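Next, two complexes with subunit A in common: one pairs it with subunit B, the other with subunit C.
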Partner chain A sequence: MPDVISQNMPFLLQGLVTTLRIAALTAIGGTLLGLAVGVAVQLRLPFVAGLLRVYIEFVRGTPLLVMLFICYFALPALMGLHVTAEQATVLGFVLFIAAYIAEDVRSGLRSIGSGLVRAALATGLTRLQSLRLIIVPLALRRIIPALFNQYVRLLKFTSVASVIGVQEFTGSAMLVNARVFAPVSILIFVALTYLILCLLLSSVGRVLHAYLAA
Partner chain B sequence: MSKPIIILEDVSKSYGAVPVLRGCSTAVSRGEVVVVCGPSGSGKSTLLQCINGLEPYQSGSILVEGVEVGAKKTDLPRLRTRIGMVFQHFELYPHMTALENVVLAQVHALRRSRKEAEARGRRLLDRVGLASKADTRPGKLSGGQQQRIAIARALALDPQAMLLDEPTSALDPEMITEVLDVLIELADEGMTMMVVTHEMGFARRVADRVIFMDQGEIIEDSPTKTFFSAPVSQRAKLFLSKILSH
Partner chain C sequence: MWLPGQGRSRFGFTVNYQFDWEPILESRALILEGLATTILLSLCALALASIIGVIVGTLASSRHKGARLGAAAIVELTRNIPLLIHMYIWYVGLAFLRLPPFLCGVLGLSVYSGAYVAEIVRAGIASVPDGQNKAALATGLTRLQALLLVVYPQALRIVAPSLGNVFSQLIKDSSLASAIAVMELTYQASAIEGQTFRTFEIYITICALYLLLVSAVTLALRLLAGPRDDAPAQELASA
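Take a look at the complex of A and B:
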């Protein structure tokens, strides 16, 4: 390992921890929100479903960086509350990725045949029970590969947060570079780290999918 | 044979402008086995699905244990626990084991304790000859095994009647018998059943009555013997000659 890396390891690791924290919070929040939005839209909940469709389309037509600026600059100004750069980042990322996850959830729900729903209802389960006990768990299992694609994607786009001053992994590495100027070693190290993390993440997804596949 | 458990009176239903049931009336008494047959698209599945409220109907009346299925205030989930249903394509929950399939509604619809539900589930799996498959997922089982589990799932709620929609028509020939055997045993024990099937040997063996449907109408509703020896309608005759010739 080149000296520039090992000498700055504690600082870089700190950035990496921030990256992982943001990614984990985004993945959890994005999955929960995406699940709720996906189910609500698919069930065509009156009024709500229409609004949520607008949200999904809005996010899908907005660059991530713009989403981040909205959460960091516009929202606090509009609502008069103070948010840290990291809070704004997690909020923006969650709102962003949830729109995509909601679409994955919907396609998972659509993949479940009406016969299965009828069978569940025929055993005396209510609509809500069949949704909670059968349809949603089954849909989630089917979309595990898609979900992990989103997790990989969001792990990589956390680097965008450095733009608003969050000292995540890429940002920290660039700070080191500004001091010691060794872009080649530093960027190779940064890229390899993301690559390894992404590979790990997708293999977790594959194992989970194989284990839960039905 | 005592008072009817299912009563249909002049039931009609249409999808948009297309009528699928026209003025259907019949009654099924406790302990009776009724086979329903008829050409594809004649409304057999729709008829069964109306009986447990899976499909709405526009006019007429369906009473299950005296409760009007179509009435707004009817507690359909509760009514459905009283009637077991078995489907052509099994419709087992693919992400659950055989035992979990049989336990689920006992716990969540009947509010039995998990322990009680599992004990009952294991007894029923044993009864359909699949005790050893309790922890297996449906995807790893043959069609015949899956259908027997679906029957156990329906029986787990201690239903007062069973509705079976072509329970063997998705099965390979060598698996039909194992499923029919379970149904024959059920019939012999006095279970009330409506079975849509084209297995005429089964019908002769266990049915008390045969209903023949065509284009949404109940054309014939006769005791089994009469139906096979002297069907009243021309259409039933034609249907029988086609189905018995292969």
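Take a look at the complex of A and C:
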């Protein structure tokens, strides 16, 4: 390992921890929000479903960077709040990825046959119970590959947070580069780290899918 | 920490933002310039990504194991590295080449998206029945002719929706080129925001423009691919 990397390792690791923290927080938040939105839209809840469809279409047509700008600059200005870059990042990522996860959840729900729904209701479960106990768990199991795709995207996207000044992995690496100027070794190190993390994450998804979908 | 603004309500904040679209209208020249750069950037990257994707995707469906492994390695290597890093590699890592930012943006964007296109091309080729290729070869077409005239056109119709997804993703991803000083839509929006402080108005404006671009590409691809073949849907309905 080049000296530049080993000498700055503590600083880079600190950035990596921030990256992982943001990714984990937003994966959890995005999944919960996406699940709620997906179920609400698929059940055609009156009034809410229409609004949520607009939200999904808006987010899916907006670049992530613009989403971050909105959360960091526009929303605080609109509401007279102050947020740190990291809070804005987490909010932006959750709002962003939840729209995509909601679409995955909907496709998972659609894949559940109507016979299963009727069978669940026939056993005497209420609609909410059959949703919570039978349909949503089955749907989630089917969309594990799609979900992990989104998590990998999220992990890669965390690098964008450096643009609004969050010192995550990419941000701290570029800071190190600005000080010592060794772009080639630093960028190779950064790229390889992301590569390994993403490959690890997608293999976790594959294992989980094979284990649960059997 | 959430700090309340002036005039704190019981929710901890109040909406006292005055909308003013005048500055946005005044800086329309900059916005249009940015839009043109975004379109040009996306078109160049789209063309290059398609070329990379078709080559790598065809290699991935080759009969030779070495070609398949090589293609898989290229796809995994490029797809699992963040786009921003791709751009920094061309702009910062290979700074000695002194490529202009626009070219760095195009290269980063197309290498990254090319991997996604390759996966779609591979799936598209796999979805065309093998008999089609064999029949084409039996009629005396060369390998290349069979691919170009028989396999690719059928594959394109099947993968058109996924291709549309990747292309609209590419347009949105082009906003990251602002991080390496390409003066595209997002870059101009930040610049205008810095001058006028009309934060909300400018970002809503460019959101609408991105939405317009993405819809245009999706629609164009749908027209290009022709009407969807409804046979599978009908089969499902009658089953």
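Rule of thumb we're sticking to: the second predicted complex is superposed on the first by the 213 of 214 C-alpha atoms of A that agree within 3 Å, B and C clash if a C-alpha of one lies under 4 Å from a C-alpha of the other, contacts with A are read in each partner's own complex, and residues count from 1 in each chain.
Everything below uses one rule, namely that a contact is a pair of C-beta atoms (placed from the backbone, for glycine too) under 8 Å apart; a residue touches a chain by one contact, two chains touch by 3 or more.
Fair warning: this is a prediction, and the values are worked out from it, not measured in the lab.
S.K.: Mind checking subunit B and subunit C on superposed subunit A, clash or fit?
M.R.: fit
S.K.: Name the contact category of A:Leu212: first (subunit B only), second (subunit C only), both, or neither.
M.R.: After superposition on chain A, A:Leu212 lies in contact with subunit B alone.
S.K.: Determine, under the contact definition given at the top, whether A:Ile134 touches first (subunit B), second (subunit C), both, or neither.
M.R.: The first partner, subunit B, only.
S.K.: Which holds for A:Leu121: it touches subunit B only (first), subunit C only (second), both, or neither?
M.R.: Only subunit B; A:Leu121 stays clear of subunit C.
S.K.: Report for A:Thr19: first if it touches subunit B alone, second if subunit C alone, otherwise both or neither.
M.R.: In the superposition, A:Thr19 contacts neither subunit B nor subunit C.
S.K.: Output check: A:Gln42 vs subunit B and subunit C. Expected answer is one of first, second, both, neither. What do you get?
M.R.: neither
S.K.: In the overlay, answer first, second, both or neither for which of subunit B and subunit C A:Thr31 touches.
M.R.: In the superposed model, A:Thr31 contacts neither subunit B nor subunit C.
S.K.: Determine, for the superposed model, which of the two partners subunit B and subunit C contacts more residues of subunit A.
M.R.: Tallying touched residues of subunit A, the top partner is C.
S.K.: Identify the partner contact of A:Gln167: answer first if only subunit B is touched, second if only subunit C is, both if each is, neither if none is.
M.R.: Neither partner.
S.K.: Just checking: does A:Val83 make contact with subunit B only, subunit C only, both, or neither of them? Give me first, second, both or neither.
M.R.: Once the two structures are laid over each other on A, A:Val83 reaches subunit C alone.
S.K.: After superposing the two complexes on chain A, what is the shortest C-alpha distance between subunit B and subunit C, in Å?
M.R.: The answer is 14 Å, the least C-alpha separation in the overlay.
S.K.: Shared contact residues on subunit A for subunit B and subunit C?
M.R.: Residues common to the subunit A contacts of subunit C and of subunit B do not exist here, since the sets are disjoint.
S.K.: Would you tell me which residues of subunit A are touching subunit C in their complex?
M.R.: 58, 61-66, 69-70, 73-74, 77-84, 152, 156-160, 162-163, 170, 174, 177, 183-184, 187-188, 190-191, 194-195, 198-199, 202
S.K.: Quick one: in the complex, what on subunit A touches subunit B?
M.R.: Contact set of subunit A toward subunit B: 115-116, 118-126, 129, 133-134, 137-138, 141, 212, 214.
S.K.: Help me check something: in the complex, which residues belonging to subunit C touch subunit A?
M.R.: 1-7, 13-17, 76-77, 80-85, 88-89, 92-93, 95, 168, 172-176, 178-179, 186, 189-190, 193, 197, 199-200, 203-204, 206-207, 210-211, 214-215
S.K.: State the interface residues of subunit B toward subunit A in the complex, per the touch definition above.
M.R.: 49, 52, 54, 77-78, 80-81, 83-85, 87, 89, 91-95, 104-105, 108-110, 137-139, 150, 153-154, 157
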